[in-house]
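Letters A, B, C and D name the chains as they come in the text, with residue numbers starting at 1 for each one.
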Amino acid sequence: MPTILGQNQYGKAENRVVKITRDGATHHIKDLNVSVALSGDMEDVHYNGSNANVLPTDTTKNTVFAFAKEHGIESAEQFGVHLARHFVTSQEPIHRARIRIEEYAWERIEAPGEAEHSFVRKGQETRLTQVTYDGESWEVVSGLKDLTVLNSTDSEFWGYVKDRYTTLKETHERILATSVSSRWRFNWTDDAQQMPDWETSYARVKQHMLRAFAETYSLSLQQTLYQMGSRVIEECAEIDEIRFSLPNSHHFLVDLEPFGLKNDNEVYFASDRPYGLIEATVLRDGCEPRIPVDLTNL
Amino acid sequence: MPTILGQNQYGKAENRVVKITRDGATHHIKDLNVSVALSGDMEDVHYNGSNANVLPTDTTKNTVFAFAKEHGIESAEQFGVHLARHFVTSQEPIHRARIRIEEYAWERIEAPGEAEHSFVRKGQETRLTQVTYDGESWEVVSGLKDLTVLNSTDSEFWGYVKDRYTTLKETHERILATSVSSRWRFNWTDDAQQMPDWETSYARVKQHMLRAFAETYSLSLQQTLYQMGSRVIEECAEIDEIRFSLPNSHHFLVDLEPFGLKNDNEVYFASDRPYGLIEATVLRDGCEPRIPVDLTNL
Amino acid sequence: MPTILGQNQYGKAENRVVKITRDGATHHIKDLNVSVALSGDMEDVHYNGSNANVLPTDTTKNTVFAFAKEHGIESAEQFGVHLARHFVTSQEPIHRARIRIEEYAWERIEAPGEAEHSFVRKGQETRLTQVTYDGESWEVVSGLKDLTVLNSTDSEFWGYVKDRYTTLKETHERILATSVSSRWRFNWTDDAQQMPDWETSYARVKQHMLRAFAETYSLSLQQTLYQMGSRVIEECAEIDEIRFSLPNSHHFLVDLEPFGLKNDNEVYFASDRPYGLIEATVLRDGCEPRIPVDLTNL
Amino acid sequence: MPTILGQNQYGKAENRVVKITRDGATHHIKDLNVSVALSGDMEDVHYNGSNANVLPTDTTKNTVFAFAKEHGIESAEQFGVHLARHFVTSQEPIHRARIRIEEYAWERIEAPGEAEHSFVRKGQETRLTQVTYDGESWEVVSGLKDLTVLNSTDSEFWGYVKDRYTTLKETHERILATSVSSRWRFNWTDDAQQMPDWETSYARVKQHMLRAFAETYSLSLQQTLYQMGSRVIEECAEIDEIRFSLPNSHHFLVDLEPFGLKNDNEVYFASDRPYGLIEATVLRDGCEPRIPVDLTNL
């Protein structure tokens, strides 16, 4: 046989589960998009179509919904841990489970006396997590995407390399804007360790990330990225590694001189494409990088 | 000539203008997407390609950016009024201008001492407005889209028509969720009238809309829609008409019985397609409807 | 009551129905996205939540799938006629039905001996239709969207109005590109008339539209639009009116002089936003326009 | 310093370049979306904002457009090779360049005498390539996405594992549909080797992939995937590895019995979410896998 099977995984993607917890008249909501990917002894199904080792993707979907009832959804990370452990420990041929989750935040509608069961989607960033289990150790990588931020000053760009194709003018005053996509890896890997408080951790990471963005006087988006990453590593002992993918969302100062007007850093054209794309990992010193270089959807 | 030209309009769409106002160290931001559509004596350009009456779409783009400097951006509506008036009054062949604007809201990043020029996009609904001027009277239709809301109880659906194709079970307890798309028309039509306070009006409409959604015990999404619309008309004297397009974002209770579990209105599957779609206009009594039946992008 | 109900409609949107017809070993496929909107005596459900006149949207969904079996899917238009007639004639409170359909084209995979049941989605434009029936007369508006076309020469733009905000340079050689969105109205309105051959008509409209685009030496996109529209009206006796929404997909000639290179109309930057937007209706002389000015999703 | 910099890369993403080649009256078009990512001695810019080693992303954009003139665009792969070599060999601090390209196919509009410069976008799959160079060896991974295929018979699914959460019924007749996303790696790594004919190779890969999909009697999507992959490896000597990400685009047979109808494998509901997701690598025996497990955008 001239060809062989390499890495493979399968499962049901994008199970949209909404869990309502009814604490008397006060309700709570968790809104997740859960994707299951399983790996193991799967040669037969690829080589000859035998499904003898295949738990159907439909069953993995059912499990997601059943577990929302059986275990509740304390946090996306905790829910992922329940699911991953289940698939690996209950199915002999399955050696590794990876659960990816998107979470959509809701806030209560402020209405006198009716707020207990009425919600409006917050709509800011999407929260992410990926939980992987191989029967022995855990890897939890959480993150966020589509968190759009902008500094209207305190950003410069100059002193760069110039070659034959360089036409860009140096600037000592520009808008710095980006839509943050980030993933961070927890150093919790073992059931014997105490689990992080996932909800608290997320809130702190987001806060430090935003503050570092706001407080950095920036000479390049790379510098801002590093400040955001190192702030998270320094402030969050539970995290060893963080990666960012930051588009440089260009806001070009519009030339108003042809109209006899002076643009004193007031009017900008927000451009779509092309955009700079700055990507980097920041690590706790001594730790090995494990987050893939190219961030994927979940 | 067996064919003739009917209604036509042209202009530059989706001009992404960002305006920074620098009040000392404290900055303010307005972030708009502006589309211009002009109509008038345009037979020649269609019939034989003569551009003698055509102000280039590129010029309409330049005007948007220049006006952000010359007039500032007090509100999307006020900015639209400046633009529409300019095109109709400065160009003989142009008889009607329609300005559509999307607005993206930003909030300040909470960081000690640095919050004055650092922003994060709010990311909830997109605010909309459409300003039309024909040289004599104004029509201002504002709105919003992608405001996602959910009631986790106080919704029923029963007592409906059953025909040969009906299989739906009646329910006295369901989730009611929708993504609100709405447009409302102001009764300000004349320069002699006092202009509404556009910013205050928007905040009040959104608040009343959310509250009416939260406070309505619903027997159908149509009933909820009407409550939302009539609340806005009753509370906002500046508005005569409002239209909604409300997808019924189905949250199906998952059948957990095959797994020996009872789903006590806790675990739901959030479905994408198909979805119910409920659309209606609510009018101040005595007013003529003018908002088109099918809401378009802006 | 200070507020009243205006125009309203409801139904199930985006029912994705795929019909396989098995002609022995040779299969045929129809792939539709069907949206139902019903209007009639619907005051009660809005004012007080009584569903006594409401056929559930779930039932309208069931009807779509059942009709795919009962009537087959000869064409999107014919399928829409079956559905619209059914809702209006079988339900007393329903006075008007509007069926919107998207159709996705497939072609056979060329494989020796296996092509009879294997398909690849064509992926070019999306075909559209809207069938409306009020119990007496029919209106059928068909169309397409996302048909992207480009002429690499034979396009000029000059001789336009210049005002204070005009900076655009005139050109006698440019790329003309657009993504065609179009709707056309049939003059078939009565069961007593012979129905058009919907499949043949669609193919001819698309062909004439493409050819008129290719053959027009263009002095403005408006001129090209009018040529495309009048060609369809002239060649297709079954159509009385056509409307286009044509973005001017700008391809800017890149300035290569800073690099010591001459750009002899070879290298272009394809821009996303902003874009010119040219919209117009072309009518058979003597006919009334009925297609709405702003084309909506379906 | 408690934190350190890990892998990083930067450049201008999504440069939309269109190249027209004018062969007398007959024109040719290449339509690419090019993203540049550079790595090297970039510690300083991250740690302290010094741009002394940073070639601006704006310059990388300029280079893309200039190279379209200087080298032409013979194929996406060849164009990527030119760009990657340039950045690594001309800039001391840059040690590695990765060029990602999307290509959109066009076909000629069939119009008598005018077809030479008029095009319509084909609109089927998007072609992809990624060229990486470190100054010594090359890695070229090409691919495609959004190629939607469907077999209306010759697909079964049974004999799978059943656990407590399994409710799926076995089937011996179902629709098998997917939207192919695939990447394949060439064994061309050295300038001393003869380069593949990139255009011919792409056409052959696509053809073999489609045929293998059509000709496989499928007991599981995994089996079909493996057949598609091994066919490509067997038929294309220039390729050593191929990976697929195949959503199982469920087409559920609609239950028409409540309406007194029999659904003889005719009427299906095409579902959006959730979907099965089947991913695997197929390798030439003896080769090392190098394509990342999670396929990213380009």
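By definition in this document, contacts are C-beta pairs under 8 Å (C-beta built on N, C-alpha and C of every residue); 3 or more make two chains touch, one makes a residue touch a chain.
What you see is a predicted model; the values in this text were computed from it and never measured.
Engineer: Of the pairs A-C and B-C, which shows more C-beta pairs in contact?
Structural biologist: If we tally the contacting C-beta pairs, B-C comes out ahead.
Engineer: Between chain A and chain C, what is the separation of their C-alpha centroids in Å?
Structural biologist: Comparing mean C-alpha positions, chain C is 38 Å from chain A.
Engineer: If you average the CA atoms of chain C and of chain D, how many Å lie between those two points?
Structural biologist: 30
Engineer: Just curious, how far off is chain C from chain B if you go by their C-alpha centres, in Å?
Structural biologist: 23
Engineer: Could you check chain C for residues that touch two or more other chains and list them?
Structural biologist: In chain C, 15-16, 62, 66, 165, 167, 258-259, 272-273 touch at least two other chains.
Engineer: Assign the assembly's chain-to-chain touch graph to one of these shapes: line, ring, star, complete, other.
Structural biologist: Contact map by chain: complete.
Engineer: Where on chain B does chain D make contact in their complex?
Structural biologist: That would be residues 164-165, 167, 258-259, 272-273 of chain B.
Engineer: Which residues of chain C touch chain D in their complex?
Structural biologist: Those residues of chain C that touch chain D are 15-22, 27, 29, 31, 62, 65-66, 68-70, 106, 109-111, 113-115, 117-125, 146-154, 175, 207, 210-211, 213-215, 251, 254, 256, 258-259, 261, 263, 265-272.
Engineer: State the interface residues of chain D toward chain A in the complex, per the touch definition above.
Structural biologist: By the definition above, chain D touches chain A via 1-16, 35, 37, 42, 45-59, 61-63, 66, 90-91, 93, 157-163, 165-168, 218-220, 222-223, 225-226, 229-230, 233-234, 241, 243, 247-248, 273-285, 289, 292-296.
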